[in-house]
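By written order: A, B, C and D. Residues from 1 in each chain.
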Amino acid sequence: MTENKRIFSVVGGDLRQAHLAELLADDGHTVFAYALEKHSFSDRVTKSYQMTDLTRRVDCVILPLPVYGDSDMLNTPLSLNTYAVEDLFSLFPTGQTVVAGKADHALFEKAGRSGVRLYDYLEREEFSVSNAIPSAEGAIQLAMQELPTTLHGLDVLVLGYGRIGKLLAKYLTALGCRVTVTARKYSDLAWIDANGYSVMHTRDIDGTLGVYDLIFNTIPSPVLTAPRLAELKKTCLCIDLASKPGGIDFTAAKKLGVRAIWELSIPGKVAPVTAGKIMKQTIYNIMEEWGCHA
Amino acid sequence: MTENKRIFSVVGGDLRQAHLAELLADDGHTVFAYALEKHSFSDRVTKSYQMTDLTRRVDCVILPLPVYGDSDMLNTPLSLNTYAVEDLFSLFPTGQTVVAGKADHALFEKAGRSGVRLYDYLEREEFSVSNAIPSAEGAIQLAMQELPTTLHGLDVLVLGYGRIGKLLAKYLTALGCRVTVTARKYSDLAWIDANGYSVMHTRDIDGTLGVYDLIFNTIPSPVLTAPRLAELKKTCLCIDLASKPGGIDFTAAKKLGVRAIWELSIPGKVAPVTAGKIMKQTIYNIMEEWGCHA
Amino acid sequence: MTENKRIFSVVGGDLRQAHLAELLADDGHTVFAYALEKHSFSDRVTKSYQMTDLTRRVDCVILPLPVYGDSDMLNTPLSLNTYAVEDLFSLFPTGQTVVAGKADHALFEKAGRSGVRLYDYLEREEFSVSNAIPSAEGAIQLAMQELPTTLHGLDVLVLGYGRIGKLLAKYLTALGCRVTVTARKYSDLAWIDANGYSVMHTRDIDGTLGVYDLIFNTIPSPVLTAPRLAELKKTCLCIDLASKPGGIDFTAAKKLGVRAIWELSIPGKVAPVTAGKIMKQTIYNIMEEWGCHA
Amino acid sequence: MTENKRIFSVVGGDLRQAHLAELLADDGHTVFAYALEKHSFSDRVTKSYQMTDLTRRVDCVILPLPVYGDSDMLNTPLSLNTYAVEDLFSLFPTGQTVVAGKADHALFEKAGRSGVRLYDYLEREEFSVSNAIPSAEGAIQLAMQELPTTLHGLDVLVLGYGRIGKLLAKYLTALGCRVTVTARKYSDLAWIDANGYSVMHTRDIDGTLGVYDLIFNTIPSPVLTAPRLAELKKTCLCIDLASKPGGIDFTAAKKLGVRAIWELSIPGKVAPVTAGKIMKQTIYNIMEEWGCHA
């Protein structure tokens, strides 16, 4: 990619998006930044104050993750202004390549009507895989901050063996925890065993929860219910990494005096530069597959 | 499973099958062994010399992996006799549950005609995952035996990031190798990086092969072609773990003086007890899902 | 130890000392806590408000780490009062076993004069080894907090291969860093290589420092001097874990705009419960070797 | 080292010594090989058939490990002739630097009388550390070959936490074993725990041995005595890596039907090239410290 110099418009979003603009410029591309006025960029990024400049054709317009802020407005925490996503799409020239995160059905319709080629980078498997790294690291950092003990020597339960569960189990083991992982599929159970963790079917956890010092949930459905929370040690810390509706009954946790934290969107919080780098790589992959040329 | 005592007939096969019979007996089940006369069993396994006894209904009949030996005959390396698979099926009572490895279309037809419930345990994902452990260990043992150096300190290439590639990369890194892994899917490339290995797209390996001391291939298509083999160091060892047609041009390797070994069916060779244990677990899983009852 | 119930007096110190008191009580011992009034203990620990009670003979009196606060006073951050260490020693009955951290020559003399058996637990090798765990974990937590990237993917240099260096290198590698470690002894260099890290003699680091994203120093002598700091990337973070005089020229770092942090006494800050546990185990070991009996 | 070209005489020894000669030549040095006629060298090594040529001064004469074969004769398994070590020493010019492995008191006296600077590379700590790598790898290869199971999933005991014990524990854990390590020093016990293995004091092993599938002994004194061997599972494999007198009662093992193997001098057997490389590095270190010049 780096040998082909391209033109990008980076529009809105948080620190990740700002770092993304810089990283694209580091690779030698021409980068225009919109709706990011609060961020101080290096000389290599051209700040654009006029959204109307979006009418110029570029190789790729990059909308933020998530693309929507409040209701129908663009997500622009680093801007002083607000923009309706609808209005933006009317500016793009026909055939413009646009990428965005968490595009919904309405947005794809808008794109269709405007003759825009829209791609949701959240749908790329490699994007989710790479983001599991800052998610797992951030979860571990959080546990280190919250606990008055080392992770070393703890009994830890990881609920679910998806992307984040896989990396969490690996990191925790390396840091000296005794790690048990649960899953529902026989093949996942076989992998958990192959990778050397203690293995348990998720349906079998009742009555086993009293030994853990730390529990990470990655399953987006009610797993740590009130009766299960009641089983826990008083000093046990629960960290929920599952997207909505989450997996912990926080009301019950509060009543029972169980410390439970719901931590979402970790990559942007703990490692915005890395998050920007992952977006960059994913966008490169999309452009390579789409054969994008100015 | 262990609380429900069952009756099994274990028929033919090699050491894995013999160990499987013992392991089932260890769990308290009743086990009849057929076509395994050369093996000396403990008292807990009942040797059956008459195939006609297969007419008795049991909870599960276990045929070997692979089920076929020469042409249409049952695979019976530990028997003094030979048996046509066809004849066997005519003995089973209607509705009998039978499991086998590498059952082909013809066998499923036979089963249909005989009113037999046939299941190929090779099609279970967890069976393949668990078998990747002895495969990877056996491949490492082979490399240790063949090389006049330690694995520690070697530059190693793993072609392909499927089940065996995943475990190989992990084991080799732990033993002190610098490991590069190749794949074709972006998500696999992201995982390779996430797990800390050097990553390369399989299509980009030309011109990079001269640095490796050891190469494992797991891709079942021509990867190490003559021009690529010509790139290798003289002392580089190539081990092909891919099923037919394999991935190394062995004729070219011989001509070029490159040491190349094609190693298949490792689990049964290096760890027959473990292989039997994996079969046992898989059969338990099948029976649980099928709700098998005598 | 747990079968023999003992009597302990825990005197002064910070959270570690408070947790130590609780942990001793958890093991079934009788525990009196002095000069720790600000901490709220469980029922199992007896708070003692009168230092004069120290005249009673107990199996072991535990003074804090470090034993001295300001000048000759006992280190008592969790007390409302101040006590001269000298006065304390005059209270102990002859032959009393006392342990303390960072006892100096004067304290051993005092002990001699008072007929007290004094032991400095800081001199126990196993105490230093076990404390390297919270130190290394805390250093990693600090790096995670300070960096806008993941640790994964960073080039990291660890200066020195003592206790903390060994664990840091291990943890960082597991978290996906490319780790280089320096040392001066040939045998340490051999161990660094044996454990799979990139190895460099400490004397050879000049001119190599520009590649690192993160540097941990564990060598208590000037290593990161001004000219070496000038080599670093602008984004490189330096964390000094060495005891006084440390190894980084902080004045030069400030002038050069290099981010450098000197972090000491990590165990008590990030993992006071673990720190208390390590003190407990070390005291048990001392008592076992000394054959302590009430 | 490589920039300074030196002259070496490599005399006697096995494959390690032969590979050492080639590796020195690879680095650009001039190498004469004596008493190694059975080995076929590359063109870069000059085979010398006349021991009398040893009268020429070279930078370093390298005698084998061990230097003695039968009685007072040089250890020359790759030669057709035999040589008295005494006679050799009378050939060396005064002040000649000579290195040898397992030099005894008599040899140092001989050296003194002949005005030879003799160094035993076995006394170098880094030599022992580096040799622990092939020893540990070779021990694992042996276990893989001997066991009908994978190492993955086994309960393994490592007796002793010296150099080989440290690497064994690390490798075995990475290969999926549950590893317990014993030691006697409190600081070693702390390290075993810090590194995440189950820890036990060596004195406490009685009555705990029945759970292990594989035991490695590295302690050169009677540890696995008859009563302890009687505790073992029938399928347990014992591998003794301790130098004489070893740590297993092999007579008792035979009587009890316990499989026990005493494996010594592994590096030269399983990885002669690596063993030669380690000798080379150690000799370079010696020469650097001694300031050797022709």
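FYI, a contact is a pair of C-beta atoms (placed from the backbone, for glycine too) under 8 Å apart; a residue touches a chain by one contact, two chains touch by 3 or more.
Everything numeric here is computed off the predicted structure, so don't read it as measured data.
Participant: Using mean Cα positions as chain centres, tell me which chain lies farthest from chain B.
Facilitator: Greatest centre separation from chain B goes to chain C.
Participant: Between A-C and B-C, which chain pair shares more contacting C-beta pairs?
Facilitator: Contact tally favours A-C.
Participant: Match interface A-B to one of B-D, A-D or C-D, accepting only the pair for which over half of the contact pairs are the same residue numbers.
Facilitator: C-D
Participant: In whole angstrom, what separates the CA-based centres of chain A and chain C?
Facilitator: So the centre of chain A lies 37 Å away from the centre of chain C.
Participant: Could you work out how far the Cα centre of chain B sits from that of chain C, in whole Å?
Facilitator: 51
Participant: On chain B, where are the residues touching two or more other chains?
Facilitator: 133, 152-153, 170, 176, 193-194
Participant: In their shared complex, at which residues does chain D touch chain C?
Facilitator: Touching chain C: residues 124-126, 129-130, 132-133, 167, 170, 185-187, 189-191, 193-195, 285 of chain D.
Participant: Across the complex, what residues on chain A touch chain D?
Facilitator: 152-153, 173, 176, 193-194, 196
Participant: List the residues on chain B that touch chain D in their complex, please.
Facilitator: Residue list for chain B touching chain D: 15, 19, 133-134, 137-138, 140-141, 144-145, 147-153, 170-171, 174-176, 270-274, 277.
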